[in-house]
């Protein structure tokens, strides 16, 4: 929490996962990050990005928005060829990290170790989970944030906040019983501003989105639509 | 091979694996890469580096030496959060990649797919192996290079080229029977110029080294010692 | 819970993990299981066994004690070559299963799925964990039992119940806050009756033991020592 | 090879993988194994089975046919909870083992270690591969047998021996160049006698089959059809 205060992360948040999409790689990653920054500056809604590892440094250097890593390994300085060192990610300019994304699932003991490694490296931790019970389990590990993403809805354009609102509200309730400090985001199938609004109204504090923004025909407009939906709720 | 011709890779080669060492992370990674470039320019021996993913772009931009990735995943543009996209590594400035390092062992089918992915992304492929039989198996997959590294010697300072010369020469013989095009490097325990010379005299075309350079008290001197040993053999 | 009532499992319990020890394989596994049954009948303390998969059927057929699987995969009838089908383990005679042993760590989503798979196959679930936070996370997944085993003590002969009593009592407290139904066992380093007594006095309902029994010079005596310690506490 | 002579394995062979099919579990596994034995005795064609681990002992005790494990781990007597000990599989009555099935892919170094572990435990080794290049790589590891199974055809009913004969014949040629001793089987999509005949005519010495037999309406007739196709080729 104090961690979240010192970083540039504010809530509600729109966190854009670039995955390994062509539209989110290299030069195009930088362009997309600039659209995110533009919308963030124009609307004062926090828009953060999670680009690929090789693009973290250039995006962190070129923009003012919070940059997340897509994954970290719970390793320290030493002999871990090919692994993601939390301190290296931090030095490259990231302020936070995804952990246990559905496309990069981890062992339970490694999620615990990764949350602790993130804290030691001064990175905000966002652990992804696939259902309410797993979200509750994650809450016991005390990450800064949890993103609930039913894997069957990821990439479908069917928003979890509308298709399965009870999964979201049930997760919020269960998680809060175990750990009232953790911030909950909502992912999977979010493509429009109204999906974002629905997610916030169910008790979450933002969305984790990928194709809905990265593969949008007009990325800037899609981002603006998300931010506007958040602004309307504030009124 | 034609691949190796177009990249900046020449043989004999000294390829320095930065692992996740403190001395090979962030600013220090860039400093070390500059020493590598300096020795390469002074001696005309090819010195290449394999830094962490987040440091590839800055090192490739700041130096003229070949940069390798420490690992790639056999994935394409798409939904592969937290994975290493070969094309992203290439766009960041890498010219090659390690595959199957002993600290990042892969499934056989994934090594095959990664070698093909590297080729498609125009990255030179260097597959690590742990013994002669596995090296022979790897040779059948047609990577550009193989590095034989008995895991029990990694990080020990006991050079495989001196402690187990028969492993190296046996590997060279076995690999050449299956695939005479593949280039063989030697790793594990290399810390001095004479270890490099021994490796070349056993039929390899270079060394894969980590702690011997990265954790040397004087990285520049250690690199120069390696390069000088190669120059002496050329005379 | 109702599950535990219908099976032969009673508490306090001594659950002996045969691992892949020579003294716990094949004929010797059957001999050891008979000692467990003998002590169980003589003392009326519940002694259960977790032999290797190939030995489950013969031990379940030859003895009256509860037999656990060492692992299950969250798979159903179908194309899962080389995996452990919960229903097959049940049909072979097991009444329960270990999940996530420190030597067979699982992804969080798979632990959740395995606990559910065990329930569907009518197997009691015992999830192993490595510390208090992870135990709390596991409790949220609602297994029947949790075994807390600090991995650094496994196989050492240094009992967690004496070396780190605060880990055990802290785990009991944390787990009960999240799920008051779950039964907690204590593992790692248990070799004598007094270690068992210490474990029970810290609020657990039994021990998960391996080398302390399997590799004892006199397995029967060692088992009797464990059971006697439990009987003394009952008085 | 000498290994294959001492076991009950003969060629051409029909090796039936029971996977975790309902029709191949527990009592039904034993029934199916008896059909295999019946056809083997009636036709003198070698029919072998690969049931789940928990069913190995009962099938090996009740029938005279060769029993294979679906997987082994390269572990020895010791602390490997939840793993498949080659010596335990052998003691339970298996004479051989699958390694690296497409549903249980292994790391390259573990395939190498598993082939050696199988040899030490006196188990015939059958390594599965997904294409010609990987088959060639496997051949360098010197297993007793290789089964080529393009994963895209597994379970389809489209036989690799007819849909992609060039994959089979190309594999045979490539493998024989590297290791002329290894025996090659053909898998994926085999459902009829004519598929078996096609496989043998392409230079293989048998088939690895699963759904084609296990899920056949009349398992006995399907087995007889396979064996008859082999007998016809002998004439």
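Should a chain be cited, it is by its letter among A, B, C and D, assigned in written order, with residues numbered from 1 in that chain.
Just so it is clear, a residue touches a chain if its C-beta (ideal position, glycine included) is under 8 Å from a C-beta of that chain, and two chains touch if they have at least 3 such contacts.
Bear in mind the structure is a predicted one, so any value in this text is a computation, not a measurement.
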{"item": "Most distant chain from chain B by Cα centroid", "value": "C"}
{"item": "Distance from the mean Cα position of chain D to that of chain C, given in whole angstrom", "value": "34"}
{"item": "Separation of mean Cα positions, chain C and chain B [Å, integer]", "value": "46"}
{"item": "Set of chain D residues in contact with two or more other chains", "value": "none"}
{"item": "Topology of the chain contact graph, where touching chains are joined (line, ring, star, complete, other)", "value": "ring"}
{"item": "Contacting residues of chain B [partner chain D, same complex]", "value": "100, 105-112, 129-131, 133-134, 136-142, 174, 178"}
{"item": "Complex contacts: residues of chain C adjacent to chain D", "value": "17, 19-22, 25-27, 50, 52-58, 70-71, 75-85, 87-89, 91-92, 98, 101-104, 154-155, 210-211"}
